[in-house]
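The structure's right below; bear with me while I get my questions together.
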Amino acid sequence: METIIEKSLEEVFEEKIANEIRIEPKDWMPEQYRKTLVRQISQHAHSEIVGMLPEGNWITRAPSLKRKAILLSKVQDEAGHGLYLYSAAETLGTSRDQMIADLHSGKAKYSSIFNYPTLSWADIGAIGWLVDGAAIMNQVPLIRTSYGPYARAMVRVCKEESFHQRQGFEIMMTLCNGAPAQKKMAQEAFNRWWWPTLMMFGPKDSESPNTEQSMRWKIKRFTNDELRQRFVDMMVPQAEFLGLTVPDKDLKWNEAKNGYDYGEVDWEEFWNVVKGNGPCNKDRIANRVKAHEEGAWVREAALAHAQKRAQREADQKVA
Amino acid sequence: METIIEKSLEEVFEEKIANEIRIEPKDWMPEQYRKTLVRQISQHAHSEIVGMLPEGNWITRAPSLKRKAILLSKVQDEAGHGLYLYSAAETLGTSRDQMIADLHSGKAKYSSIFNYPTLSWADIGAIGWLVDGAAIMNQVPLIRTSYGPYARAMVRVCKEESFHQRQGFEIMMTLCNGAPAQKKMAQEAFNRWWWPTLMMFGPKDSESPNTEQSMRWKIKRFTNDELRQRFVDMMVPQAEFLGLTVPDKDLKWNEAKNGYDYGEVDWEEFWNVVKGNGPCNKDRIANRVKAHEEGAWVREAALAHAQKRAQREADQKVA
Amino acid sequence: MLLDYTLQLADTSLILGHRLSEWCGHGPILEQDLAMANIALDLLGETRSLYQYAAELEGQGRTEDDLAYLRDAVEYKNPLLVEQPNGDFADTILRQFLFDGFHFQLLQQLQQSPEQRLAAIATKSFKEASYHLKWSSEWVIRLGDGTEESKRRIKKAINNLWMYSGELFMMTETEKQLAQAGYIPEYAPLLQNWEAHVKKVFAEATLEVPQNVFMHKGGKTGRHTEQLGYILAELQYLQRAHPGLEW
Amino acid sequence: MLLDYTLQLADTSLILGHRLSEWCGHGPILEQDLAMANIALDLLGETRSLYQYAAELEGQGRTEDDLAYLRDAVEYKNPLLVEQPNGDFADTILRQFLFDGFHFQLLQQLQQSPEQRLAAIATKSFKEASYHLKWSSEWVIRLGDGTEESKRRIKKAINNLWMYSGELFMMTETEKQLAQAGYIPEYAPLLQNWEAHVKKVFAEATLEVPQNVFMHKGGKTGRHTEQLGYILAELQYLQRAHPGLEW
């Protein structure tokens, strides 16, 4: 009989990673893996709920009942995504309360894209088309991420984001085929959202210390620059189709690499926004903190009522 | 030498009333006279500041810069009138704080007309034309009221209200000479404000117990019905001039009395509003209470700062 | 007449849905953010069906959007309750509860209307309204039978909003005639059922049912509160600013 | 270029006046209700003069009202500070104080502009701006050197609004070229004087002047906050709903 070789927990973990076997909540995992996932999943969840704010901003002013319904449905989906993702993160031993406390204190981040304001109806189209488009590009590989609950949550999230992206493109198409004022609105929104969207893929690979470890653990499947390149290559033809001008004077097709060369991202702006100096950073967090604090009495009441009800039920059983 | 006849304070007071000599703050007056004046002047002051709310409601939505400026100026005048009137009432030994507490508790009243909402821009015209018109008719006789400070305050108030009334009529005229939508807006506003304005003159003489005493003391110069009649006689021709239909199917010229007969005021509605069941009663008081409570810290700070400053000045003198 | 009534129903669900949608991203609990968005969406679906039907009844080429975005406040027929501000969560819950109780009763009976289009819309929306009433009823109970703070707030909300509940069951001339003709239910039995439900929920919430409150009205005949003007300024802005365009 | 700048000034005083007018009937003290209405009125007077001049410069038959009521948010050129919400009285005072300090400096120098119309508007408004600065400065002092509560609130207001003060003194391309041509003052000396005044007032108010705060910008070039859209929806509603009419 073959001697059973006692493998280390580390080796078992690495073997599963290598063999594309999902890591599940009950499995052992390196502490750093756990931390990376909590950070990443909670940031994703935070992004969904903070992301409700710039889009929710236009629900009451949506220009038709159909568009109002679609936007309301989308914002509702974002709340749902937040719920899935907080639940997925909780399987790693943290709590929603802790994650939300981290968001409010500034310790945890959310996607910087949501620190930009939505200044016209066309922004809703641009967000759906560009921001959800970038989100999908970031997220689709996560369907194959090594952590099971995250991967399964992403299946549903990606399906809905894909729908959202199509709806955003549809808004842009309607505007670009509309009156001059609508086309102008679309171009202006495109101008404001293009570069911040490219920033969504994160810093250059040369300045992304976490990437290597995350890719080794198959939390990430592609580098930031790889995804950014693919995004540009996909969006530029769509912009051309819409008749929109990409706000990048350095954009140019590179036959050799079969892709576009594009201008330098304004990394100073990127880091400013990451550090809290974006146009809406203070506003978004203030809104979340306000909702949380003003809702404290509601949560307390729900808890108190549940306890009263449980007590009454217990008393009935005894009686 | 003629014996000096010691006249009672009461007789001196009555003699001044009879001879149209103003009663001044330092003069003796019957307690009921004082109470009547405090009630009347404070109600007038309250009406000015609560009256800022229905009109202030349209400042941000005024349809032209000129109209916005005129309305802003008017609302500012109302604040000013409030200040004069509270000051006049304070000469009778009450305080602004006490009067405001009475307003907020419901003990003191304000003009019931301000418990109606301003639902379109035309309402601003109707209020200026009708409500200020009625206010002037109520107030002009007060220029000759027996109490000095009140009379003098009314000189300035009436001058400004007269200006306001003309501006209101101007709005109505512009609308009535405008597009069909504007004319419709004007007629609708007229329909909503006509009867409540007639109620501003108070209950019928047969149901106005305070009137007799107030007229004897020359606080009031005309009865409620007298003023209401004069108001109808003055406004109906103006409505005709504007091309507006008076919403009273019983309105009819009475050659014998050289005035209009008009329909029965809905006294049930009148008393409902007086009792607090008008469309905006709760809203108006809630607004005033909210402003007062949310401003408490401001008043406390102003007081604390004044005390600190006085202390520093006293210390400097000693040093 | 049928057009008038259909517009009344559509205006009502549009404005209430609008108020609920103001909460998006600002709720006290993420699940309730989602629930309110869900109810707003349900109401919007009902709204669209009703405006589309109203546009057909009118037969003048106007669209669902024309009816929502191009009518002035004085033309809106929603009852006063639904245009009241959100206030805090208790105000929102109480406004929803008072309306849901009426909505549930009305839709339940409207399913039997000989006016088949209204009956179909009622059938589609009744299931949603049932869920809405369950949700708002449970929250009234949680708040009333929660903490002292939540009880204080729900009682304040009752004090703010009860006076607008009566209008739901007051019939305009239009409603009277439609009821007489058998197109819509009489409201008296609906009120009785509504009162029974409110009494039951309030008992469980340890709350008192208000007595002898003066009931305000006017919304159904175009006399609104000052609130509606601001709602419409926001809601209608884009179609007013850029008229006649496809969005 | 002069048109662009005149519109910037007009947009700025219109929006700030709008914000102040939202206080009407809701102030903490009747005298301050009156003071804020007075300042709003002064700003509106300045606004009208500027839009009337801008309409002449444009020479296309548009009126002061067309420029205020028929331009979209992206065309507005006011700095971000003036569109910030009123918040509580401390936020309103601090927003006013930061702006008044700039306004006073700018108008004082603009009186000497060779552009005679701007100079005349500046001369007429400078006296008003002096009073505004005196009023807001006194209130900063009262709140800072009042109670612990008022100090906490004014410090919170500084934290909310300081980041928008820098844009007042940042020159757009338009402003740079006008300054180079001698039509408007250079802003560097204005900033120095503003800083000196702020330092003096803050010292008396026992408040610290913030250091190294990231300064937001964008309003002067059409990139506003989400606030402006709501302001314009309310402000412009009637002219958008009933276009081309005389009011």
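Residue numbering begins at 1 within each chain, and the chains themselves are lettered A, B, C and D in the order written.
To be clear about the criterion, a residue touches a chain if its C-beta (ideal position, glycine included) is under 8 Å from a C-beta of that chain, and two chains touch if they have at least 3 such contacts.
Composition by chain, UniProt nomenclature: C, D = Phenylacetic acid degradation protein.
All values reported here derive from a predicted model rather than from experimental measurement.
With respect to inter-chain C-beta contacts, which pair, A-C or A-D, contains the greater number?
A-C
Report, in whole Å, the distance between the mean C-alpha point of chain A and the mean C-alpha point of chain D.
Roughly 37 Å separates the two chain centres.
Nearest whole angstrom, what separates the Cα centre of chain C from the Cα centre of chain D?
From the centre of chain C to the centre of chain D is 41 Å.
From the mean C-alpha coordinate of chain A to that of chain B, what's the distance rounded to whole Å?
The separation of the two C-alpha centroids amounts to 58 Å.
Residues of chain B touching 2+ other chains?
Each of 61 in chain B touches at least two other chains.
Would you please write down the residue numbers of chain D that are in contact with two or more other chains?
72, 233-234, 237
Which of the chains touch, listed as pairs?
The set of touching chain pairs is A-C, A-D, B-C, B-D, C-D.
Can you check the complex and tell me which residues of chain C touch chain B?
Result: residues 72-74, 160, 163, 214, 216, 218, 223-226, 228-229, 233 of chain C touch chain B.
Under the stated contact criterion, what part of chain C meets chain A in this complex?
18, 21-22, 24-34, 37-38, 40-41, 44-45, 47-48, 51, 64-65, 68-69, 88-89, 141-143, 145-147, 149-150, 153, 234-235, 237-239, 242, 245-247
Applying the document's contact rule, which stretches of chain B touch chain C when the two form their complex?
Against chain C, chain B makes touches at 54, 57, 61, 117-120, 185, 188, 192, 272, 277, 279-280, 282-283.
Quick one: which bits of chain B touch chain D in the complex? Just the residue numbers, please.
49-50, 52-53, 56, 59-69, 72-73, 75-76, 79-80, 82-83, 86, 121, 171, 174-175, 178-179, 181-182, 287, 290-292, 294-302, 304-305, 308
Would you mind writing out the residues of chain D in touch with chain C in their complex?
72, 230, 232-234, 236-237, 240-241, 243
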